[in-house]
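Shared chain: subunit A. Partners: subunit B in the first complex, subunit C in the second.
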Partner chain A sequence: MSKITPEIVAEHGLSKEEYQLVLQIMGREPNITELGIFSVMWSEHCSYKSSKKWLKTLPTEAPWVICGPGENAGIIDIGDGDAAIFKMESHNHPSYIEPYQGAATGVGGIMRDVFTMGARPIANLNALRFGRPEHPKTRHLVHGVVEGIGGYGNCMGVPTVGGECEFNKSYDGNILVNAMTVGLAKANNIFYCAAAGIGNPVVYVGSKTGRDGIHGATMASTEFTEDSEEKRPTVQVGDPFTEKLLLEACLELMQTDAIVAIQDMGAAGLTSSSFEMASSGGVGIDMNLDNVPQREQNMTAYEMMLSESQERMLMVLKPGKEDMARAIFEKWELDFAVIGTLTEPDADGNGHMVLYHKGEKVADLPINPLAHASPEYDRPWVPTPKRETLSPESVAAPTSIMGALKTMCGGANGSSRRWIWEQYDHMVMGDTVQRPGGDAAVVRVHGTQKALAMTSDVTPRYVFADPVMGGRQAVAETWRNLTATGARPLAITDNMNFGNPQRPEIMGQFVGAVEGIADACRALDYPVVSGNVSLYNETNGTGILPTPTIGGVGLIDDVSKTVGIGFGGVGQAIIIIGETHGHLGQSQYLMEIIGRDGLAMEDGAPPPVDLALERKNGDFVRGEIISGTISACHDVSDGGILVALAEMAMTANIGAKIEDVSGQLPLHAWGFGEDQARYIITTSNPEDVLERAEKSGVWATLVGTTGSGELTIGDEHSISVAELKNAHESWMPDFMSHPEAH
Partner chain B sequence: MKATVHVTLKNGVLDPQGKAIEHTLSGLGFKGIGDVRQGKFIELDIAEKDKTKAREQVDAMCRQLLANTVIENYTIEIIE
Partner chain C sequence: MKACVIVFPASNCDRDMQVALERSTGKKVDMVWHRESDLSGYDLVAVPGGFSYGDYLRCGAMAARSPIMGAIKKHADRGGLLLGVCNGFQILTEAGLLPGVLMRNANLKFVCRDVELTVERNDTAFASGYTKGQKIRIPVAHHDGNYFTDDETLKRIEGNGQVAFRYVDNPNGSLNSIAGVYNERGNVLGLMPHPERLVDAQLGGTDGLPMFDALAKGAA
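Right, the complex of A and B next:
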C-alpha cells in the first residue's frame, strides 16, 4: 500500500487541517482508498462545508411539507393522498467540458433523485446560463447542452416543460446547467435513505460500474492504470434507455414491501450513497467489492468507491426478499447484486464501513465522524456595498419607444426560446396543459382535475447589485409566475450557483442571497424543501454573477381555471395590477438599450421587493383567476410593462391600444421600469375587477383594450405585432444557424 | 490522396450503442459475445499531395469536428 504523501493529500483537495482531522478520526494513517473516500465525502459538493451554516437559516417547514432538505428531494402534500417530489441540481462543470453528456447526465441524475423516493417523474425544467453570444464557445455549448437535455429527457419519455436561458459575459468560461425534475408519488408510499435492520442485505442495482468520472483524477490515473498515456476521461456518458429500465424496475419493486431504504448513486457514487444510508440509519455496512458489477477489468477498490458511473442505485432490502427483487431487475435486464450487509454500531454507537476486496480488508472507516464531523466553515464575508436607486429621469430616453421595444423583444435575452424548447418533447405523457413560453408550465396530475404549475427564475444582475434584494426577487418572481397561472405556490427548491467562497465578497453574496431567499420564503409561506449548492464557478479569478436559481412548484385545484399569457381575445380590457414607479436601475432597458452591464455602482440598485405587497397583489390575482373573471394573466418582470404587453400580444397574435397613463413619469420609465409585484390581466368585465381590487386595497389601472394587429401607446407610438414577433422569434434560430465557430 | 479515420470511444467511457449491439447479438443466439465497442469510420479525398501536410489537415478535422476528443480517440491513415 502506497504511503500517503502531502502531495497525494493535496491532490485529493484536502487541506492540511482537514488531513489532521482525518488522522485524528482514523487514529492511524489512512490508505489510499480511505483517503479517496474522505476526499469525496468532505468535498464541497457532498459536505456543503462552506454553505451549511447559512443554509440552516432557510425556512423549510409548512403544514404541507412532507419532507424538507436532506433527502434526495423535497416532498409536498398536494391533497387526495398525492405528493409532489422535486429538486433542482447543477451540472455546470461537466457541461462546460462536454456539453452533450454533461447536460444529459445532469438530467439523468436529477430524475434519479426523484424516482429514488418513489415518484414517477412527470416534468423536467432547465435553467441555462451561457456566455456572451459572440464568445467563440457559446454556440457550441448551447448546441450540445440543448441536445443533451433533449436526448436524455426525450428518451426517458418525460416532458421538458420549462426553464430559462440567459446570455451574459460572466458565464463565458463557466456556464450553468441547472436541471429540475418534478415527480408524483402516493404520500403513503415514499422511500427514504435511512438504512435499518442489522443483517439486512445491501443491494446494488442498475448499470455496471466503470471508471467514469473518477476525480482526484491525475493522481488516480497515474497510480492505478496501466495505459498511463491516456488520461482517464472524467466525463460520464449517460444511457437514458437504461435509466428508463431502472425507473420502471424501481417503481415495480416499490409496489412490494421489500425495500427498507434506497439511495441513488450520484456524485461520488458508491461512497456517498452507502455512507448516507448508513449514517441516516445509525448502522454500519460490511461491503464486498468483489460482488460489485464491473464493466472493466482489474478495477481497484479506490476506483469502485469513487466511480460516477450513471444509472445505478443502492438499496437495503428486507431479509428474504432478494430473489423476488432480483427477478424484477433481471426482467428489466439490469444488474442486481447483493454487495453487503448492515452491521451493528460499535460500543460508542458508531457504525463502521468495512470494505473487502479480493479477500482483503481494504478500508475500515467510522461512519458518523466521516459523515457528520465533516468540516463546517464560517468563511469570512463582507456585505455587498449598497447602491443608490436611480431616479426615472436619470436614465436617457430611447430615440423611439417602439424601436426600443423591438430591440428588447428581439435581443439575446429578450427573444423567444422556441428554438430550444421545440427540441424537447414537452407534450409526452399527454398531461402538459401549458407549454413552454408562458409564465409557468402547467402539468395535469394524471387522471384528475388537479395540476402542478412549475417554473424556475432568478435575475443574476439583481443579485449581484444587491444580494438580499436579488434573493428575495428570485423567490418572489417564481411565486408570481405560479400565481399568474392560477396556482397556489407551495414550495421551492434552490440551486445556489456562486463563485469562490474563500473570497469574502463572494461569500457575502451567498450570505445576502440566503437572507433574501429566507425573507421571501417566510413572508410568502413558501418554504425551501430541497436544493443544491455549486461553488467555485470561476475562471481566472473572475466569478460568475451570483445565481441562486429558484424552482417553484404550485398547485391548481381545477385545471380548467388556469389562464395563459396570451391576450384572451379581442375587445378585452387590459388592467395593470400593482403600482408603477419607473424603476430602471439594473433593468433590461439599461442593459440592452443604454448598453450598461450592471456591474458599475452607477447602474443602480435593483428594484425593491415589498413582500407584503407581493402577497396582497398575488392573492388578489389568483382569486380572480380561480373565480374565472379574467382571460389572461402575465407577470411583469424583465423589460417591464411594455415587454410584458408585447409578449401577451405576440402569444395571442392580437394587438392592443394602450392609453398613455405614464403621468409624471417619463414614458420609457413607465414602460420599461421593473417595479415588482405587478401583473397584467385581461378581462371582459373590468368594472367588477376594478371594484374588487379597490376593496382589497390593490392598485389596479385600466390601461387599454385588446384588438387589431398593432400595439399602440397613446397617439404617437405604434408597432405591428407581426413585426415584433418576427424580431422575437428570429434571434435564436438566426444565432444558432451560423456555422459552428471554433 | 485518400484519408481514413477511425473514431472510437476512449477506454472506460460507457458505450451504450456497443451495449445494445452486444445485447441484440446474444438475443440472436450468438454465444460468448462480450465487451462490444463500436465507433465510426470516415473516408475522404484530399487534394493535398504532401503526405505530412495531408495528415495535419485531417488531424485538424478530427480535433474540430470528426472526433469529440473529450471522450473519443481517433487514428488517421493516409493512403496514396
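Right, the complex of A and C next:
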C-alpha cells in the first residue's frame, strides 16, 4: 500500500487541516482508495462546505412543499395527487473544456436527479452564459453546448422548452451551463435515497463503469488555469440512448413495490451515491467491487469508486425482489448487478462502508463522519459597496429612439434565441402549450387541463452592482414571468454560480445574493426546494459576474386561460401595469447604447425591488388573466417598456400606436428604464381593467392601441415591425454562420 | 379500426402517436414491443418517431432489423395500413418498405419548427381528409430528414405519384422538397413531419387531425 505523502494529499484537493481531520476520523493513515473517497466527498461540489452556513438561511417551506433541499430534487404538491419534482444544476467547468459532452451530461445528470425520485421528466430548461461574442472561443462553445443539450434532450424525448442565453466578457474563460428538469410524479409514489433493512441487497443498474470523469467533482471545485484543457479526460461522455432505457426501466420498476431506496450516480459516482444512501438510512454497506459491471479491464478500487461514468443508478431492493427487477432491466438491455448488502451500524451507531476487491478488503470507512462531519467554513466576507442611483436625466439620450430600440432588439443580448431553441425538440410528449420565446413555457399535465409554467432568470449585472437587490430581482423576475402566463408561482430552484469563495469580496456577493433571494422567497411565499452551488468560476484569478440562476415553477389550474406575449389582435388597448420612474442604472440601454460595462461605480445601482409592490401588481395581473379579461401579457425587464412592446409586436406581427406619456421623464428613460414590478397587457375592455386596477390600488396606464405594421410613439418616432423583427431574428444566425463556429 | 404503435428501445413519440390515434378512433390503441412477432389483428400499424437505438450506426438501421419487422412486412404485404413518422419513416426506408433514404439535414443541425406542406394527393386512406394542393402546417423535429434517392428512383416515384407531401420552404435539403412518400400501392406512408403533434388546438393547431380522422373512418 502506498504511503500518503503531503503531495498526494494536495493533489486530492484536501488542505492540511482537512487531512488532519481525515487522520482523526480514521484513527490511522488512509490508503489511497480511502483518501480518494474523502477527497470527493469533501470537495466543494459534494460537501457545500463554503456555502452551507448561508444556504441554511433560505426559506424552504410552504404548505405545498412535499420535499425541500437535501434530496435529489425538490417536490411540490400540484393537487389531485400529482407532484412536480424539479431542480437546476450546473455543468460549467466540463462544458468549457468539452462543450458537447459537458453540456450533454449536464442535461443527463439533472434528468436522472428527477427520475430517481419517481418522476417522468416533462420539460427541460437551460440557462447559458458565454463570453463576449468577439472572444475567439465563443462560437465554438455556443455551437458545442447547444448541440450537446439538443443531442441529449432530443434523444430522451423530453421537450426543451425554455431558458436564457447571455453574452458577457466575464464568462470569456468560464462559461455557465445550468440545466433544469421538471418532472411529474404521483405524490404517493415518490422515491427517496435513505437505505433501510439490514441484509437488503444493494443493486447497480445502467451503464458499465469506465475510467471517465474520475475526479470530476474535484475539478468542479477548483479555479481554472491555462492548463485546464489538460483536464479533458475528467469530462464524462454521455449516452442518451442508455439513459432513455434507464428512465423507462426505473419507472417500470417503480410501479412495483420492490424499491426501498434509489440514488443516481452523479458527481463522485459510486462513492457519493453509496454514502448518501447509507448515511441517510443510518446503516453500513458491504460492497464487492468485483461485481461492478466494468467497461474497461483491470480497473482499481480507486477508479471504480471515483468514476463518473454516466447513466448509472444504485438501488436498495426488498429481499426476494431481485429476479423480478432483473427481468425488467434485462428487457431494457441494461446491466443489473447485486454489488452489496446493507449492514448494521457499529456500537457507536456508525455505519461502515467496507469495500472488497479481488478477495481483499480495500477500504473501511465510517460513513457519518465522512458524510456529515465534512468541514463547514465561515469564510470571511465583505459587503459589496453601495452604489448611487443614477438620475434619469444623467444618462444621455440616443440620437434616435427607434434606432436605439432596433440596436437593442438586434444585439447580442436582445436578439431572438430561435437559433438555439429550434435545435431542441420543444414539442415532443405533446403537451407544450406555450413554446419557447415567451415569458415562461407552459406544459400541460398530461391528460388534464392543468399546466405547469416554468422559467429561469437572473440579471448578473444587477447582482454584481448590488447582490442583495440582484438576488431579489432574480427571484422576482421568475415570479413575474410565471405570473404573466396566468400561473400561480409555487417554488424555485437556485443555481448559485460564483467565483472563488476564498476571496472576501466574492463571498460577500454570495452572502448578499442569498439574503436577497431569501427576502424575495419570504415576501412572495415562494420557497427554495432544491438547488446547486458552483463556486470557483474563475480563470486566472478573474471571477464571473455573480450569477444566481433561479428556476421558477408555477401552476395553472385551467390551461385554456393562459395568455402569451404576442399582442392579442388588432385594435386592442395597451395598458402598462406598474409605475415608471426611468431607472437606467445597470440597464441594458446603458450597456448597449451608451457602451458601459456596468462594472464601474458610476454605472449606478440596479433598480430597487419592492416586494410588496411585486406581489400586489402580480396578483392583480394574474387575476385578470384567470378571469379572461386580457388577451396578452408580458413582463417588463431588460430593455424596459419599449423592448417589451417590441417583443409583443414581433411575436404577433402586429404594430401599435403608443402615446407619449413620458411626462417629466426623458423619453429614453421612460422607454428603456428597468423599473421592476411592471407588466404590459392588451385587452378589449380597458375601462373595466383600469377600474379594477384603481380599486386594487394598482398603477395602470392606458398607453395605446395595437394595429398596423408600425410601432409608433407619439408623433415623431416610428419603426416597422418587420424591420425590428429582421434585426431581432438575424443576429444569432449571422453570428453563428461564421466559419469559426465549427 | 384496430391500431397499434410499435415501440423500439428509445422510441419517444410513441405516446404522442397513441394519443392522436385514440383521439380519432375513440378506441384503445395498443403499444407493441419490438420483440413481438405478430400483428395479424391490426388494420393500422404506426411506427413512431424517436431515436431507436440512439440513432447509432444510422438512423433506423438497427430497428429495421428488429424481430417485429417480419410482422410489419407481412402487414404491409397484405395491404394493411402502415404509417411511419420521422424515425418511423427512417426505419421503413431502411427496411426497404419505402423508397429513398434520409440523410443528415443540409445545414447539419437538428431542426424543430412548424413547416408548411403541400398535400400532393388526397386519394389515399391517409390523406382523404385533405384537398389536393392544400397547404397544411405540421411540425418537424429531426436531424436526419434530408430525403434522397438516385435519379431513376426519383423519376419513378414522381411518375407514380408516390410523393405524399412536399415542403413549401425546404428545411433540410430534401430532393424535390419531398417531405413524405407512399409505397406504390399507397398503403404505406412515411413522412418526416409529425402530424400527431398538431391534433389539439391547445397545442397551436389541428392540421394533423384530418389524417387521423381519415384513417379512423377509412379503416373502420
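Simple rule for what comes next: the second predicted complex is superposed on the first by the 723 of 742 C-alpha atoms of A that agree within 3 Å, B and C clash if a C-alpha of one lies under 4 Å from a C-alpha of the other, contacts with A are read in each partner's own complex, and residues count from 1 in each chain.
Methods note: a residue touches a chain if its C-beta (ideal position, glycine included) is under 8 Å from a C-beta of that chain, and two chains touch if they have at least 3 such contacts.
Everything numeric here is computed off the predicted structure, so don't read it as measured data.
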Clash or fit: subunit B and subunit C on subunit A? fit
Contact breadth on subunit A, by residue count: subunit C or subunit B: C
A:241 contacts which: subunit B (first), subunit C (second), both, neither? both
Quick check for you: in the superposed arrangement, does A:210 touch first (subunit B), second (subunit C), both or neither? first
In the superposed arrangement, does A:155 touch subunit B (first), subunit C (second), both or neither? second
Mind working out whether A:310 is in touch with subunit B, subunit C, both or neither, as first, second, both or neither? first
What is the contact status of A:426 with respect to subunit B (first) and subunit C (second): first, second, both, or neither? second
Between the C-alpha centres of subunit B and subunit C, what angle is opened at the C-alpha centre of subunit A, expressed to the nearest 10°? 60
Should A:333 be classified as contacting the first partner (subunit B), the second (subunit C), both, or neither? both
State whether A:677 touches subunit B only (first), subunit C only (second), both chains, or neither. neither
Who does A:98 touch here: subunit B (first), subunit C (second), both, or neither? first
For subunit B relative to subunit C post-fit, closest CA-CA distance rounded to the angstrom comes to 5
Can you list the residues of subunit A that meet both subunit B and subunit C? 239, 241-242, 333
Spell out the part of subunit A that touches subunit C in their complex, as residue ranges. 147, 150-151, 154-157, 239-242, 244-245, 332-333, 421-433, 435, 444, 559-560
Can you name the residues of subunit B that touch subunit A in the complex? 9-16, 19-20, 23, 64-65, 68, 70-71, 73
In the complex, go through subunit A and note every residue touching subunit B. 97-98, 101, 207, 210-212, 227, 230, 232-233, 235-239, 241-242, 295-296, 309-310, 333, 740, 742
What does subunit C use to touch subunit A in their complex? 9-10, 12-13, 15-16, 19-20, 49-51, 53-56, 109-113, 139, 141, 143, 194, 196-197, 200, 202-204
